[in-house]
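In what follows, chain A forms one complex with chain B and a second complex with chain C.
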Partner chain A sequence: MRPLTEEEAKMVFEKLYKYVGKNLKALVERSDEAHCFRLHKNRVYYMRESLFRKAAPIARDNLVALGTGIGKITHGGKFHLTVGALELLAQHAKHKIWLKPSSELQFLYGNNVLKAGLGRITDNTAAYSGVVIFNMADVPLGFGVMARSTIECKTLDPTAVVAFHQADVGEYLRSEETMS
Partner chain B sequence: MAASSPVRVSLDELTEDQSGRDDQIDADGFEVDVGNLCASDPRPVSPHLLDPDGLPSIESAAGAAQALAAALFSLPGQADDHGNWIVTLPDPIAAIPREKPLPTARPETRWERFAKRKGIKKRKKEKRVWDEEVGEWRRRYGYKRVGDARDVAVLDAKPTDEVGEDPFTKMDEAKKERVRKQEKRMVANIKSAAKAGYVPNSVKLSAKLPEYGKGHPMDRKQHLSEVKSAADQAGVSTASMGKFDKPLPGETEGARSQPVKRRKPIASGQPTTIEVETLAKMADRLVRERSEDGLAVGRAIGHLEAAKREARHREKVERYMEGEEDEGGRGGKGGWKGKGGRKGKQGRKGGVGKVVAKAGKGAGKGRGGTRRRKGRR
Partner chain C sequence: MAKGEQARAKKRKTARGDGKLASEASRHVLRKAKAGGLGKVAGFTDSNASWLKPKSKRHKAAEAAQVARPDSDDSMGTSGDDFGSEEVSSAEEGEQCKNLLESEEEGDGSSDIAGSRSDGAESIDSEADLEEGSSGSEAELEIEKKSRLVEKQRARDKMHAEAEIKDMALQWQREAEGQDDELDDTSMIIPQAVPDLTEVKTRIAEIVNVLENFKTLRNPAMPRAAYVDSLKHNVKTYYGYNGFMVDCILGLFGPAEAVEFIESSEVARPVTLRTNTLKTRRRELAAALINRGVNLDPIGKWSKVGLVVYEAQIPLGATPEYMAGHYMLQGASSFLPCMALSPQAHETVVDMAAAPGGKTTYLAALMRNSGIIFANEMKNERTKSLVANCQRMGVTNAVISCYDGRQLTKVLGPKHADRVLLDAPCSGTGVIHKDPSVKSSKTTNDIWNCVNVQKQLLLAAIDLVDAASKTGGYIVYSTCSIMPEENELVITYALRKRFVKVVSSGLEFGREGFARYRDFRFHPSLKLARRYYPHAHNLDGFFVCKLKKLSNGAKPPTGEANDGDETAKADAALQTGEDANPVSVPLPGKPRAESNGVRRDGDDGEGADGRRAEQKGEKKKKKRERGIVKKAREELMEEMRKLKATDDAR
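Presenting the complex of A and B:
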């Protein structure tokens, strides 16, 4: 477990910025307790100060995970957000999509969001911007990337892809053994 | 303290030892073990002697320290050149446990397991044996051993011998085969021992096992990369660390690059507040750099357009009102007046343009937007 280097932190921030925009500052400077990012076995965790202080004396090999796992750094050196980041993103999301109840399950099996399943969408969402995906009861289901902008979405046919799937809560069941 | 080899001590022996050291208890009732520089108070502690934190009183500790000092200064010794009193400590009384665990036993070899199962016991044999034929003492095994088949010049023919086969070569080959088989068994034993976590110090895996290098043929690729890395290393092993060396003909730029420096984590070894500050600064910078991303350009253009349209409309209305007033006054010169009006309009348009230009980039884009929109319509 160690703090991120400057390059890593920049990578993480840039990715988070796509989803939360200016709210990124709220993630770093919190009013309740200092929160930090830590890297452990190529995974990035977000946690409060008291937690990583407690974890500091635990040997690297013995430590499985701590805090909220928000993503991982790949072999290629890129940063990927994982489902763990969903709570965080949902709280501060800039762009959101709400799914119709009929297409919730589709998405939870790892499929892209189609126009037919789109219930609501935030105004002025540009194409290829990061979105957090909710159901109509405002429960965060996952996140992804917009395939079209809000305006384009209005004229699309029902089978067209609106948002590309990146992560969803179904992963907790589907890929339980590969998560840590 | 005399350094002695580790001794295995049972718990009973240890407690016996502890009980039989009455002579080490001094006049004040403290147990002193000078060899270990240790003093303790063996008397039971009564609760009213404990301080509010539940710790034994400081007097007890002070007394123990005093007892140790007294015992130390009562030892025979002599002063050195600097006036320091030098004493030789007696052997320690308390047996202190060994720091490292006892070495584990070597796992049994395959033969040892087999022998145990069959009840085969090792028998000591003399190294030298009396050789009747030669009439002298000879080694049992090895060079010049008793009954070495190779010393025999003539061999008896056996019914199994085939014509054209040299029994001596056959014997040599059989010997080589036996040696090879034994080597295989040895490697297998070492491997299994290594798997169990036991490798004797005398064994170097790289010299014994094929996968660690023994007789392991390198493939061409490995050779190449090894030669290349050696050449790169040699390239930077000059006085200037390769900085001012001429590149060789055909050498690519940066081939003999320096080893990559490891990046340090943010604020490593510093308090969390500094780390948080650094992260906050980075986040700030990122947000500032991307602040334009948040602009809804389409909407902004719409606003500008609307403002312009309104201005134009107001003008029109004003002109209309003026025109009505004029018509009422002068009458006939409407055509000329109209021209003048247009001129005036152009001038005013320029004025509006200026105002928009102050708003910056948006103005130019706004115009483009208008044109596109008109085209679409």
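Presenting the complex of A and C:
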């Protein structure tokens, strides 16, 4: 477990910025308790500072996970957000879309969001911006990238893709083995 | 004269013909009557006995009457002719004919009418008979008929069942011999006795009944042990337990309750789920699930987060709510240790055997994600489900590690935690329905191996806790085993080794822990521990015990130190003071509790105990002696006697 290098930090923040925008500041400089990002076995964790201090005695080999796992650094050196980050993103998300109950499960199986399943959408969402996807009961289900802007969405035919799938909570069941 | 004779003969002929006709007619009517009411034949009752007699008898009676009054026509005229004419021997025929003739001569033309009249009278009679039969005796007969039919059916069924059993036995035998492939037909004729399971079950019920009311129902020739042995045997065959498990279960419960326990261990407990209070509330979750077609209810007064599911049209482990971490599917019994531990906010808590995370996430929810939870799991594969569940449930205060629990004290350092939850790995005798192989695979060795690990883990858990903690200093030990060896005995061991005491776990229900079991004598405070059984609480078999750490450090291995500790006073009292080594307690019947496995009987320790016990007063000895020890002592005495005898002989 170590702090992120400057490069890594830049990658992580850039990615987070796509979803939370300027709320990133609230994420890093929290009012309640100092939080930090740590890298452990190519995974990026977000946690209270007290937590990682207390976890210090645990050897690197034996430490499996701590705090909130928000993403991983791939072999290619890129940063991917994983579903663990969903709660953080949902709290601070700039752009959101809501799914109709009928297409909830379809998204939870890893499919893109189609126009037919789109219940609501925040205004002024640009194409290719990050969105957090909720169901109509405001339960965060995952996140993705908009394929079209809000205005374009209005005129689309029902089978057209509105948002590309990136992560969804169905992964907790589908890929439990690759969580850590 | 000749003419007269001829005429007479002629007359006789015609009369005879007439008579024949008449008798034939009457016979016909009779046949008709017979055919018309077959039931009538069966319907004869005693009320008809005055006139109704078996044919041969009646014939004889008629003959006798004839002998007495050879010319009595009227007796023949009405009823005699039709019956009599049926079975007349050739020798009698003449006389009979004569009689007939005479009778016919009296009223030639009216014979037909008379015959028919007589028949009519008889038919009326028989009709009356029929009515009488249908009102009284007929109903009885119906029942009899039915019962006969039923009996027949039963006999047939039994025959079929037997045939089937034999068939199956043959088949099994064939399968057993399948490898050889050389089937000898004659060898297969003798089928192995296949137990009839329903019969075995009724037998179990019967024996239990007898054992419950032993004084009144017993067969005086049979000792209780014989009944118990038979019960064991039947339970083994019906439920597939091995002898060791049956012994243990019958040692824990009375016969009726033991069978109840076994019976309820066959079926799964109801599906229960726990609301994740970090993300939602129980009422909201229940509403969401009811919308999805799940029929559920709160689990009971004792839990504010539990829901019990009666019926679900959708898979509960794949709803959007489940994936979003609003609830966890977990047995109701695994709520209990978390509730007993009741961690406070901002504490440091260690879960020593955490996977798959049901209890860990509950602890996090109780702490509202504050403080820190060290969730440890020894097996690497199992940490994956632990991580996934913690992430799904939104747990952010967990540090997940992969250590052997016994090393944790070394890794984290002693006195590191405020509270420790040890849900120890166990033999799983409380959750037989989840893994039925437990019934047949567990042996004494398995149990004692578990006990060994559990003792080490519990000591490690106690060492992790800081007795000086302002809010905590508690350890909760739980297993899903019902064996006192894995529960009370382990706690007793910890009480001897560390400065801890058993405290109330704050759970409203559950049975008290054992203070004594077979020849074990546990610490009396173990009554504060709680036991749960499938038949009594509809939970998995479970044991929960909460310990409070009084002082850091280990107890010195001498008995004197025990006396210094107030919690060990009762223990010390039990140990009768004089033992220098708390490990081998001189109490007869109290097993030696050592980390390298404890044996109850049969080894040298018992003998030594017995010898020491002898040295003490007679009263004490009598009070405390029990089965095995007594036997051991007797054996020892006998050996001594033999040795003496041989010495004397030399």
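Just so we're on the same page, the second predicted complex is superposed on the first by the 180 of 180 C-alpha atoms of A that agree within 3 Å, B and C clash if a C-alpha of one lies under 4 Å from a C-alpha of the other, contacts with A are read in each partner's own complex, and residues count from 1 in each chain.
Just so it is clear, a contact is a pair of C-beta atoms (placed from the backbone, for glycine too) under 8 Å apart; a residue touches a chain by one contact, two chains touch by 3 or more.
Computed from a predicted structure; not experimentally measured.
Overlay on chain A: chain B and chain C fit together in the combined arrangement. Judged by the touch definition given at the top, the superposed model places A:172 against chain C, while chain B stays out of reach. Contacts of A:137 after superposition on the shared chain: chain C is touched, whereas chain B is not. In the superposed model, A:17 lies in contact with chain B only, and not with chain C. By the document's definition of touching, of the two partners only chain C reaches A:47; chain B does not. Angle at chain A between chain B and chain C, computed from CA centres in the superposed arrangement: 90 degrees, to the nearest 10.
A simple residue count on chain A separates chain B from chain C, and the partner touching more is C.
Touch criterion met: A:65 reaches chain C, while chain B stays clear of it.
Applying the stated contact rule after C-alpha superposition, one finds that A:104 touches chain C and leaves chain B untouched.
Superposition on chain A leaves chain B and chain C with their closest Cα atoms 9 Å from each other.
Shared contact residues of chain A with chain B and chain C: none. Considering their complex, residues 2-7, 9-10, 13-14, 17, 21-22, 24-25, 27-29, 34-37, 39, 49, 124 of chain A touch chain B. Against chain A, the residues of chain B that register as touching in their complex are 263-268, 272-273, 275-276, 279-280, 282-284, 286-287, 290, 294, 296, 298-299.
Within the complex formed with chain C, the chain A residues making contact are 47-48, 50-51, 54-55, 57-59, 62-69, 83-84, 87, 104-105, 108, 135, 137, 139-141, 168-170, 172-173, 176-177, 179-180. Those residues of chain C whose C-beta lies close enough to touch chain A in the complex are 288, 317-318, 320-321, 323-326, 348, 372, 374, 377, 383-392, 394, 396-403, 411-413.
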